[in-house]
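One chain, subunit A, appears in both complexes that follow, with subunit B as partner in the first and subunit C in the second.
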Partner chain A sequence: MRRLAAVLALLALAPRAGAAADDAAGRRPGAEMVRLPAGTYRPLYGRPGDAPTAVAAFRLDRDAATRGEFLAFVRERPEWRRGAVRPLFADRRGYLADWAGDLDAGDATDRRRPVTGVSWFAAKAYCAWRGKRLPTVHEWEYAAAASATRRDAGREPWFVQDLLTRYTTRPRPLPALPAGAGNLYGVRGLHGLAWEWTADFNSVLVSDDSRGVGARDHDLFCASAAVGATDPGNYPAFLRYALRAGLTGRAAVETLGVRCAA
Partner chain B sequence: MPTAAPRPVSLPPLAAAAALAAGAILASATLTGCSIGSAEAAERAEGAVPRLRPTPADAIVGEERAVLTAAPNVPPPITRAHATKVIVELETTEEVKRLADGVSYTFWTFGGEVPGKFIRVREGDQVEFHLKNHAHSTVPHNIDLHAVTGPGGGAAATLTLPGGESVFTFAAMNPGLYVYHCAVSPVPMHIANGMYGMILVEPKGGLPKVDREFYVMQSEFYAKPGAAAGAPHTLDMERGAAEQPTHVVFNGSVGALTGDRALQAKVGERVRLFVGNGGPNLVSSFHVIGEVFDHVYGEGGTMVTQKNVQTTLIPAGGSGIVEFGVEKPGTLVLVDHSIFRAFNKGALAMLNVTGEDAPRVYAQNKGLPMAAH
Partner chain C sequence: MRRPTLAALTLALAALASAPACDGAARPDPAAETAPAGERYSLYDLPSTWRDQDGAALRLASLAGRPRVVAMVYTNCHATCPLIVADLKRVEASLPAARRDAVGFVLVSLDPERDTPGRLAEWAARTQLEPARWTLLNGDADAVREVAAALGVRYQPEADAEGGGELAHTNVITVLDADGAPVHQQVGLGAAAAGTVDAVRRLLR
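Our next item is the complex of A and B:
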């Protein structure tokens, strides 16, 4: 039985004929990681005059995890199947809600779409299963601040506008991967597809009522961070932080997926 | 404020007295239940604020589900003479709809419509508000109803993930016409994308009877064309920040209330407009061409603040109620009299009045042929 599961997992992981856009090395989109060099960036929330936040070098999946990859995971780890997952770890109303069954992630094209409707617990377990981990908020934002040509494009009006447009006109259903042009680091689809989990999504809390910026004390998790935006024009970042503020570890949202780091 | 902890030392004498009185009322409420007598005394005190008065007349009797209407329709007047528990259900959605001819826009909505569905409750009602966010939404949403007394006007209790639902209750303490809107960060974007509507808290005893009531809400859009031809427009960040809209509209799109969709009334009828302004930026100089407002309830309050008004200001995030009789057949034109907005950007709606001609009210005696209506 175990062996069968392993074979099935291998089948699910194997490159599919439909995945014509696999990279030159013939690897699956989700398997490949890119290395991001150490650097600094200026987070949305911080005190004026704070030094930029340092981010150590790390690796990040070039593409988001696909349904097919997540299927391989739940085949091997039945406790994360839709019908078996513990409600403490995933809100069952949303968990893999667009799958047809516990082990039915759709046809070959569907299985190349980004997986969404996964809880933080499931996303974390998935990355661990891959021998990886979830990126931190700082890592994710650092990677996401890059345009195709610049490391820190977060304050460039055209980049802000481009992200706003992408966020509000996301395709449904999400496209099969790989999709989206790579940014400077070669990371694809960070902005045009689904939101993505981070390890410490709740470390910076945005007020649920956004107009009192800086007026409230939110050091539930992040003892040092006084909340106050450094860049009120960075609406895309506000959208991301607002989503994070609404999340709990068991939340399973149809527009939220996962990408692993290492 | 009587609701604050009494700190008589730091307050001027009157406020201190009020605070003490409120404290005493609070104490008596806690210990013995509310004494009507002392509550009324406090109400008469200078600077008193509206409070819940759990008198027998305000007992919550029964329960009903609010009937919400899409603009320009308004739910029927409330006829019951008692307060009740009202269940309001509203869902936030994100959808592509027409903004103007040849321009589609990715709207964020309350109830699938811009402006959001009209809610009508009665002063004293206990409102149980269910806010759902559609599973396909990109972002979380919440609701700040200006009629609500409490943190964020409800926003603090209703941050709702896509696919989720929040429920909160509030007492409709202050009668009047109020705007509601989404207040999730970044709030200007949520409002600029269409997330506003209105709630009427009808005063006890209701509003004076009229023949027609309409829901008209102005707002403006900052539309940037999509990259591909025919792709929906989205918020233009630079225009929004510069307060330079591409479209200024009544009821969510250019022409929403013109032609076949014009408002209708008959000669001799009295008309009431519930006028709101979602903004996000502009203040409206609301005017009806060919009519004078007999009554204006300034800023959506419960008192007729002025009679015989030509143009009334509707603040962003605010409202006004205007009433007038229609005495002459023809088309009345609703505009924002900041007139480039009407002529160039869409801030124009129509009210068609039909019925018997009234030459004594208005007649052309000499000149070019009158435009046909």
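Our next item is the complex of A and C:
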């Protein structure tokens, strides 16, 4: 087990020969996933005094999915092409809206940019097609809490400030991948590129009162699991949760992409 | 959209500000009733399979043919689910007796582990839900998550031990036309049910 972990870690660190080039299917070669060890983290929403949330070991794509990779998916699964997708599964006003056509994801550089304008249903189907799945909110936030040197940097003022800066200065168009420095786990571009879907994006009930959990929250949600923010200072996390709270499964937003887990 | 990030965040923050209330009277929300904007879509395109309270396997598409009023609940719920069902029953009672069978009511369980078809049947009998009109559905966790994602229902699947196994969830009642397309949605309970009644009546006209 230990040896396997070491091999995986080495694979994760190995330089990706030809990483910049798409293969014929639009898939990028190389070690695409990194392994994140089991651990705990403190979600933004919880009750004061809650034990940290445990996250089991999992693997996460090192980079967000690219347009080229998504193009390979829709080539094989025509029902997910822009002109064919069922409106239940994607709001066609936003779905792959920056593509020139059903099978035209742009030039070679464009095809290496993160794919955006994908709905949750499409993101979920894409990951399943890759033999993967969407990360849970806990997994995504756990990965995203790491700085380049610390597992849980979410309480570090400089880290929080850095994220705010990234969120407000995202390049447009998004750069070709790989882009962005890796965090402690080697995961790149979690904060500086697009927002990303999670499997249970609709699991979080956000209270409009972050001052604490009390009777008022019970009125709002009528369940004891209603939660308040444990760290009102973590504004970047508020933004992520607020975005999730505004989505439904068919929403296709120009700034929202996908990264798969396993 | 020139500035989609800002637009998306504004939308998201607006959603924050209008967190759904369990009690429509205590927390009136002008945005509590919405007609879905944009193109029509059908909930019945979901490919998942379900079991109803009789244990019969079905796909959602088999619900097509008459308007349906849909909500997500679980039988172990003591807080708001009885209120959701009470709202649905108000809708049912508001219809002329001769037209009641023209409408179906669908309750999708948020707690598929415990809400087996047998349990759903027992609960439906205890809650006096007329079997000809009410369909209670048990599906796997992924199927439930998909319905919630499609209808805009938010819930935490992990029951909270301290709260006696209650799940947190938002209270959303959706009116589907005969094709499964949402035509009206009620967020919150009580007073907002009037809009749901109107939407169903319009479909019956």
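Throughout what follows, the second predicted complex is superposed on the first by the 213 of 262 C-alpha atoms of A that agree within 3 Å, B and C clash if a C-alpha of one lies under 4 Å from a C-alpha of the other, contacts with A are read in each partner's own complex, and residues count from 1 in each chain.
Please note the rule applied: contacts are C-beta pairs under 8 Å (C-beta built on N, C-alpha and C of every residue); 3 or more make two chains touch, one makes a residue touch a chain.
Source: prediction; values computed, not measured.
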After the superposition on A, what does A:Pro157 contact: first (subunit B), second (subunit C), both or neither?
first
Of the two partner chains, subunit B (first) and subunit C (second), which one does A:Pro37 touch, if any: first, second, both, or neither?
neither
Figure out whether A:Trp120 sits in contact with subunit B (first) or subunit C (second), or with both, or with neither.
second
For A:Glu254, select first, second, both or neither according to whether it touches subunit B, subunit C, the two together, or no partner.
both
Quick one: is A:Gly83 in contact with subunit B, with subunit C, with both, or with neither? Answer first, second, both or neither.
neither
Tell me the contact category for A:Tyr235 with respect to subunit B and subunit C: first, second, both or neither.
first
With both complexes superposed on chain A, which partner does A:Ala245 reach: first (subunit B), second (subunit C), both or neither?
both
Per the contact definition in the header, classify A:Thr165: touching subunit B only (first), subunit C only (second), both, or neither.
first
Does subunit C touch more residues of subunit A than subunit B does, or is it the other way round?
C
Quick check on the output: what are the common subunit A residues between the subunit B footprint and the subunit C footprint?
93, 167, 170, 206-208, 239, 242-243, 245-247, 253-255
Help me check something: in the complex, which residues belonging to subunit C touch subunit A?
1, 4-5, 8-9, 11-17, 19-23, 26-27, 38-43, 45-46, 79-80, 145-146, 148-160, 162-164, 166-171
Write out the stretch or stretches of subunit A touching subunit C in their complex.
86-89, 91-93, 120-121, 167, 170, 195, 199-208, 219-227, 239, 242-250, 253-256
Provide the residue numbers of subunit A that touch subunit B in the complex, in ascending order.
93-94, 97, 157, 160-161, 164-165, 167-170, 172, 206-211, 233, 235, 238-239, 241-243, 245-247, 251-255
In the complex, the residues of subunit B that touch subunit A are 94, 106, 135-140, 142, 144, 151-152, 155-156, 159-164, 183-187, 189, 193, 224, 226-227, 231-232, 234-238, 241
